[in-house]
Amino acid sequence: MAEALLRVDGVYKYFGGVRAVDGVSFSLGWGERLFIVGPNGAGKTTLVNLISGYLKPDRGRILFKGEDVTALGLAERVRRGIARSFQLVTVFDNLTVAENIAVSVASRLGRSRVAYRTLTSYRDVVEEVERILEVFELTDVASKYPTELSQGDRKILDVALTFALKPSLIILDEPTSGVATKDKHSVMERLIKAFDVTGVSSIIVEHDMDIVFRYARRVVAMHEGRVLADGDPASVRGNEEVRRILLGGVYA
Amino acid sequence: MALPIYVLDTLFYSSLLFLIIAGLNLIYGILRVVNLAHASLFTFGAYATAWITTSLIVPRLGENLLALMVLPLVLAVILVILVSLALVTPLLRYSQGRGDAFQLIVTFGLLIIFEDLFKLIWGPHPVSAYNLFFQMGFIDIAGLRYPVYKFYVILLTAILALALWYVTYRTAFGLVLRASSMDPHMATALGLNTSRFLFIVIVLASALAGLGGSLYIPVASVQLGLSTEFLVIAFVGMVIGGLGSFVGAVVGSLIVSSLRTLTLIVFPELELVVLYLVAVIVLLWKPEGIGGGRGW
Amino acid sequence: MVEAFRRELGNSLAAIAILVAVLGVAYPILRFIAPGYAIYLTYGVIWSIAALGFNLLYGYTGLLSFGHATFIGIGAYTVGLTMKYLGLRELEPMLVTAMVASAALALAVGPVVLRYGGIFFAIFMLAIGQILWGFYLKFYHVTGGTDGIKIGRVELLGFDLGRIDYLTYLTIYHYYVLAIAAIAYIVMWYIVNSPLGYSLKAIRDNEVRARALGIDTLQLKLIAFTISAVYTGLAGALLAPLTRLVSPELAYWFVSGKIVFMTILGGASYLIGPIVGAIIYTYLESIAMGYTIYWYLLLGILIIAVMILSPRGLMSLADSLLTRARLRWGVWQRPS
Amino acid sequence: MVSRRDFIKGLVGGLIVGAVAGAGAVYVAGPRREEVKPPEVGARIPTTPLKVGLQYMTKGGGAAWGDPTYKGARLAIEEINAAGGILGRKLEFVERDEAGADATKAEFEKLITIDKIDVHFCCISSGNTPALAPIAEEYRVLTFFADGCTDILFEKVVPNPRFTFRITNIQSADGVTAALGAIKFFNLMEKDKVRVAHIHPDYAYGRNAYQHIQVVFEKVLGKDRVEIVYEGWPKLFGVTDFGPYITSILASGADVLATSLWAADWINFYKQALGYGLFKKVKVVSTISHGIAPHMVGSDYPDGQIAGVHANYYFLYPEHESYPLNRDFVRRYYERWGEYPTNGSEGAYVSVYLYKSAVERAYQALGRWPEPEEVIPFLEGASILGPAGILSIRARPPNKHQGYKNAITGISRVDPKLGFSIVADPLRIPIERVTVPEGWEGPTEPTMTYNWIKATWREGVLPI
């Protein structure tokens, strides 16, 4: 690996007197998957906001594909390949699943403005929509409307929309929140599988430790804006501080 | 020499506008509904007052000043409230939260229903009742004669505006009013019976419009199409002052009225164009309006 | 795969073809059985072009304009002024000029007004419409004020129709309008089914999310606004030879209300909804006007009834009836 | 003030216009002593009733005008039916609304295509006649406009009309008459300087009145003696509180206020102006103040102002006792409707009779019921003696198919017997003195009368 995909370098973000992110550094390789864990108020969401460009850090640098993107805005970072989905599912409720994805694909291909031929007449768009539907196992519900989908499928559609932009890095903020407990594993499984198949890098903020330790290869644990531990699940789980603050001895 | 008269006329016209815009803003502030049928209540108040004056008061009590001042006003406002309860209130409550398009279209429907109801009840001819205007007499100002009645309207509206200000900023009800206009869920959060609260707001707004119409009629006749004339101008005032706020209603009505007088003096050709142009400029410069942006 | 891109009842080219055929055949039949009502078919077709344009903005992009009479006025006055001052009689260059003028106005005000959504956009458009209305009214020396501008018979496709019988002229004009409308309908079908059309729907559903997908929503809205203006301006220009007089009334805000209602009546979520709505409304208005002087009352009640009982319009009503029938064959469809 | 001699002079003037115009026939409007004999069997007259369209403003701000006009037409129809109809055909009328130009035109097309009317009587607003005339010409329907008197109709919109006729005096005569009345009654010739304020409704009629009042003032008094100190253009029926306008007029220091506000607008204006004491400071010249139903001009109307009746007709003149045609008309109208007729009533009444006599004449010539085209020659150049005196239809441009009668204006005075303000001291002006004559050629912008006055009147001389 010549150059890390993402490097977060001594980043600080204060809100008034609150140190939301207090000197965080880590790097992420191409194709790597990273889970960020931590209690409420640990600064996880602020950190992903800083990476995706919703917030600008007070100090520190963020490098993406070797370039300093610290000063760039949201749209510019999207263009460079940083995509992000939110806790709340936001999809287009009056478009079918296939149409939802097609809108995203068309946007990536720079065709959103084309008015003189039909969307379905673009072979490349249709083929890519088909591929994404397959990867995310949405082919069966392709002609349904999001309101007719299960919570889990809606969540996956949301991520698929982001994925359709062909980003180098996908940031997911608690992808299983709001999904019924029994479906959480299957949702995460389908997402991970899709990421593995396509080789996209990902940062996933997650609450559910069960899920984290089942699917993670690398975990960053945060507390009060600082990184407590960074490493493979076993080593993070073994960290004394992590156990005290995060796990409450459950995984001891 | 005519300056004081211009100022008085401007204040008179802005008094009428204030009574309409305040109601529009109350309803927008609390229910987030732009009520296109609001000025129809003003017109209804005007028709009702003319009818009460000429058919009930004058034949029975003659041109009694006190009777002319009090009775038509009170009866007309009661009638307006009743009509509002029957037609406007249910529809506004139904429209709440159904989107801008729904509200605009439904209240547009109500507006044209009102137009024909007026025609049905009062016929196509203009209706007037100048009795009070002439009964109150005239005084000399700067060498010109001026009707006392216009003073009366300005004074009455000023007192009303002060009362409204007091209620808004000095009472518990006003606190809820202001809070709910910033966050519609606030009323519930403050433990208020939301349904009754909304009811009071709509009735208050309707009464203000009805009062406006009632105060208008001794000066000029009421005819079909008056609602839209006032509605569109009130709309401009609403935008200039700021949607949904008390201060906005005061500022908006004063600015629109001053602009009207000014254009009538300076370039009478452009009265309408100037009003809308200013509205567009204000929207560009301060979309929240000159006096608004902080809720009712 | 393509089936996953929904084609609801009334959103297909077939539906458009059937509609155009009906509008073509109905005219001579009406002329025969109820001659007085034939001309309203032409009016209806013209209004349908305006409503179609309005609906690209309202139904597809989610922007409610309460000032589309602005573009009716631009179109009609383009014809009136070119006729009065340039002595032009050929309709086609006037139609093109009207469309260009509408597009120019849309591009000029669009970047400003489109920054606001919801009620602000509605009011903004209302104000712009009223400014122009005030202009037609007050700039008497140019526009003739309330007298308006008289429109003589126009030349169609280079043919001078000055001498023929008036009813024949009206018939020819109907088919002329219908041909233009058919083109406008088909073009709109392409627009609605294009990447642009889908992206506009996405903006309507969730603008923030659309922006997060890299869609330049302001630019797309400007395109939609301009197309919408061109359609409505075209309708305004086509109206002029039929009304024979261009007056400020055509640009009054009440006309904007009419366009909104036509669209809602037919069904804003269907491509042909506004077309159906415009034709039905035109007849409703003319019949109600003839029956009673209280036609506002009827119209108002109807508006409220439609909004409460079937807020998605008559097409949705027809759709659900058809869907119920189709369910027997196991085909399930619903509007987008 | 006005003598019998003036009246006869006016009548003769009218006759000359009629005689020069061509056919020269004079008919009489109103029930005749000896009726035309009912046609014999097989006289080639349709047995179906004659369908008549009526379209006068009966709603909104213009209703005060349209209603009496409608009543005039109704009275004529009822009289004709009572006497057996036109050549035995009873008249059946269909009424539709006159509103804005577009709606009026749409309703007119319905009258033609759905109701299938044979003849149309219509229109109050000068915004509507230019909209309807081309339609009437296209559909070939005989149409008689009672009012809607704008000069542009027969000068620009339909310069060579066939099927459209207009009864009321042409609009320019209105402003010219009012201005001449003001000069005469207010002795403006003796003043060094006349400061004029104008307030007119912002549409064709108001613009026209403004231009013609001004051109007469400037021509007769001399340009430097006339100064416009204020102009107000309220939207027709769109302004109800005239406060700022009134203040501006008072502040302008005007001697004379010239106005063409009408119906509800004028009532609102004068009531409010009373409050501001306007009439004590300014002399008011109205083209049309006494044009609505006479009893509507209240007893609070100030005396001594120029009281216009649209340069047409007031029910008290020609004098009741000396001119039976008017006396009988006023009596019958009052019996039928409980009020006095307006110039509109008279115009519509005469329209219907004019049509009747033309059809009867055509029948005499053809021996069968005439097609609309065949009636036209019997209207062009014809004259009819109506309640207002003689009315002549012009046969050649400019203003072909326009009806002309002598113009009248007067001074407002509250009549204690009637209990309302009337037009007193009538000033009758031979119409040929104040309007562009037949055959004159010149520019049409703004009107031909305007240019004719500019070109031919002698400066500083009162032409009456």
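A, B, C and D are the chain letters, set down in written order, and residue numbers restart from 1 in every chain.
Criterion: contacts are C-beta pairs under 8 Å (C-beta built on N, C-alpha and C of every residue); 3 or more make two chains touch, one makes a residue touch a chain.
This is a predicted model, so every value here is computed, not measured.
Undergrad: Starting from the Cα centroid of subunit C, hunt down the chain whose centroid lies farthest away.
TA: A
Undergrad: What chain lies closest to the overall centre, CA atoms only?
TA: The chain sitting closest to the overall C-alpha centre is C.
Undergrad: Hey, how far is the Cα centre of subunit A from the one of subunit B, in Å?
TA: 53
Undergrad: From the C-alpha centre of subunit A to that of subunit D, how far is it in Å?
TA: Measuring from centre to centre gives 81 Å for this pair.
Undergrad: Could you please state the distance in Å, as a whole number, between where the Cα atoms of subunit B are centred and where those of subunit C are centred?
TA: 34
Undergrad: Quick one: report the Å distance separating subunit A from subunit C, using the average Cα coordinate of each chain.
TA: Centre-to-centre distance between subunit A and subunit C: 44 Å.
Undergrad: By the touch rule stated above, which residues of subunit B touch at least two different other chains?
TA: Residue numbers touching two or more other chains: 119, 269, 272.
Undergrad: At least two other chains touched by the same residue of subunit D: list those residues.
TA: Within subunit D, residues 59, 233, 235 contact more than one other chain.
Undergrad: Hunt down the residues of subunit A that sit against at least two other chains at once, touch-wise.
TA: Residues of subunit A touching two or more partner chains: there are none.
Undergrad: Chain pairs in touch?
TA: Final set of chain pairs in contact is A-C, B-C, B-D, C-D.
Undergrad: Considering the complex alone, what residue numbers of subunit C touch subunit B?
TA: 58, 64, 66, 112, 116, 118-120, 122-124, 126-128, 130-131, 133-135, 137-138, 253-254, 257, 260-261, 264, 293-297, 299-304, 307-308, 311
Undergrad: What residues on subunit C touch subunit D, complex-wise?
TA: These residues of subunit C touch subunit D: 34-39, 137-138, 140, 145-148, 150, 152, 166, 169, 243-245, 247, 249-250, 286, 289-290, 293.
Undergrad: Across the complex, what residues on subunit D touch subunit B?
TA: 58-61, 63-64, 231-233, 235, 237-238, 240-245, 247-248, 250-251, 264, 267-268, 271-272, 274-277
Undergrad: Could you pull out which subunit A residues touch subunit C in their complex?
TA: 75, 78-79, 84, 90-100, 102-104, 106-108, 111-120, 122, 125-126, 129-130, 142-143, 145, 161-162, 164-165
Undergrad: Considering only the defined contacts, which subunit B positions touch subunit C in the complex?
TA: Answer in residue numbers: 34, 91, 94, 100-102, 104-106, 108-117, 119-120, 228, 232, 235-236, 239, 243, 269-270, 272-273, 276-277, 279-280, 283-284, 287.
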